[in-house]
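Sharing a structure with you now.
For clarity, chains are labelled A, B, C and D in written order, and residue numbers in each chain start from 1.
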Amino acid sequence: METTRLETFADGVFAIAATLLIIEVHPAEGTVAHGLVHAWPSYAAYALSFLTIGIVWVNHHAVMDQISRANRTFLFLNVVFLMIVAFSPYPTKILADSLRDGSKAAAFAYGLTFTLMSIAFGALWFYAARHHRLLRPDADRRTITGISRSFRPGAAMYALATLSALLSPYLAVALFAAIAVFYVFESAIFGRD
Amino acid sequence: METTRLETFADGVFAIAATLLIIEVHPAEGTVAHGLVHAWPSYAAYALSFLTIGIVWVNHHAVMDQISRANRTFLFLNVVFLMIVAFSPYPTKILADSLRDGSKAAAFAYGLTFTLMSIAFGALWFYAARHHRLLRPDADRRTITGISRSFRPGAAMYALATLSALLSPYLAVALFAAIAVFYVFESAIFGRD
Amino acid sequence: METTRLETFADGVFAIAATLLIIEVHPAEGTVAHGLVHAWPSYAAYALSFLTIGIVWVNHHAVMDQISRANRTFLFLNVVFLMIVAFSPYPTKILADSLRDGSKAAAFAYGLTFTLMSIAFGALWFYAARHHRLLRPDADRRTITGISRSFRPGAAMYALATLSALLSPYLAVALFAAIAVFYVFESAIFGRD
Amino acid sequence: METTRLETFADGVFAIAATLLIIEVHPAEGTVAHGLVHAWPSYAAYALSFLTIGIVWVNHHAVMDQISRANRTFLFLNVVFLMIVAFSPYPTKILADSLRDGSKAAAFAYGLTFTLMSIAFGALWFYAARHHRLLRPDADRRTITGISRSFRPGAAMYALATLSALLSPYLAVALFAAIAVFYVFESAIFGRD
């Protein structure tokens, strides 16, 4: 089974989930100028989620580059992974609506979603890479090892950031942003070109 | 006529219908934590519909793999089928909103939608497969027979689950979930690779 | 300039416009069962618009099959055409909300949108086909003539149906449905395969 | 790294951002006919944003035609650029809601979004074109120079139009429309075919 249609479907879900985020952004109450400025928590949550989904999309791209075929199990692992990607506008909206009040529950739910996304993403990669099950024959050993090594800290970092929400939601959001920045620059091993 | 653009359009509708489901998920009233937890019927309905659409997408993928060309009738059968796929966020929302109260009408409407989807999906497959009308020349006989055999119970299972909603909406939802799980594992005949 | 990305973009707009229609469908007030049944004007408007967009998509498909390249003017004609396609969920919602009351304005606005869509669609085809400007070198003369002939009645039929809304909105809606059915069956000249 | 999936993702974001614009269009209050007519500021904002996104899409198309590969930095520049494209329905809605009252803040926010989009678009082009970093080997020197020259006035024109919103929001909107028309006709250097 070719991976072309999987990539089309995945790109569609990534693009729609990222673009739907804006539907939940509303100006704050008051005059137009006041409402535009005071909606900053929505902008921050929008930017954080869009960049995170963008990073995950870039990495999904890098992963699929090493994979030459799909089987039914791999397709369903992708469906579960994409179900979590498509879910992410919901905790983003909750986070945006309660960032000003500093809700611990909102930051926790946000982090939990991305922790689960990270676990599901890792699961589909390690399923494909185990015994080179679905890798393309000419996959580069160093790239494979690099991707695998790069996946390991992901879920743990998100889980820790999520737990930190119980101390302070602002700390958690700062850590989510730091993880995003980390992955932007962590190109030495994952998807170097 | 090539099937490439049909697949792009279909993947778009699948991806959008699945991703739009999240728009209708709202937290319950009360504190943020309470609202997040008590929105579980929405999460359950979201997951059920996303997985079902994901399964149908995987199977549409397997069906299109056996088809090498499209004619106008086949395109319109696909348009009708996709019209039902794109409709599914509506009964999903109704089901989520009334799952706590156990509305028989909501579970019935949900099941009716997926029964009709199953019938429309079967119709486009049997139209294409009849006398090998649109199959690719090298289509494997065993795969063809397997797909046809796998389609038969689909609409009947959904119809029975839909009727069971008149007894108990919870029974119906459990059966919808069971059908989804059945199709995830039913890979022996449909789309084995 | 290749037409591949134009088709991807167009398929995206078609798929999204068609799938967004469902966002505007809401159950009527009252019990769940009553609300589901009495939302029938929304279902009728949804089905009419989805099928019409589906037909236009199939025909855009057939038109693009004859075209081998795009220039800047052709791209902008497509942007204007797609702007009207993407606009269509708005009059669909208005029509659904006022179908029970029989609003002439709603049926007129609905028809006006599809009349303009028909004109824009014709404009891009005749621009591409004039002096074989953008047609592929091996385009079949009979197919070209057939498509051109099939475009001519479109805008006129929609314009007449739109004007009939001033007499009766129900007559207009019946005519819109009849035009859709006409184009489904009118495959003898347009896109025969 | 190939650019195919980047283009699919980008086309998805463009198509969805453009199509989502219609969700925010609502009829004005009063009778159906009155509400349809008096919603003209929404139609104007919808058309302006759809055409602008359409132009940007056509130009992104022309830019990607000259680029043969992507690296990680280029992908992230695209993610940031697409984040702004996907953001644009929000200021469009604000502009539509306050156009009748002539809000300076709304026109300023609208212009600021498109100024930033213009800067991000320029950044990804100049990153790719610098020392022919990502250009395809047979890229035409005159086309490259033409695209670079065409990018220069963009951000400045948008910035000036944005500042003019502080004098008059109507002047600003007229200038935004003029810039769109300018880019439609400015095909002599950018993407001539």
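In this text, a contact is a pair of C-beta atoms (placed from the backbone, for glycine too) under 8 Å apart; a residue touches a chain by one contact, two chains touch by 3 or more.
The model shown is predicted, which means the values in this text are computed figures rather than measured ones.
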{"item": "Rotation, 0 to 180 degrees and nearest 5, that superposes subunit A on copy subunit B via CA atoms", "value": "90"}
{"item": "Type of subunit B:subunit C copy interface by residue overlap (half), same or different", "value": "different"}
{"item": "Gap in Å, rounded to a whole number, between the CA centres of subunit D and subunit C", "value": "26"}
{"item": "Centroid spacing, where centroids are CA-atom means, of subunit A and subunit C in whole angstrom", "value": "37"}
{"item": "Per-residue overlap in subunit C, given as positions that touch at least 2 other chains", "value": "8, 12, 16, 20, 23"}
{"item": "Subunit C-touching residues of subunit D, taken from the complex the two chains share", "value": "7-8, 11-12, 14-16, 18-23, 25, 27, 31-33, 36, 46-47, 50-51, 54-55, 57-58, 61-62, 64-65, 184, 187, 191-193"}
{"item": "Subunit D-touching residues of subunit C, taken from the complex the two chains share", "value": "1, 5-6, 8-9, 12-13, 16-17, 20, 23, 69-72, 75-76, 79-80, 82-83, 86-87, 89-90, 94, 98, 103-106, 109"}
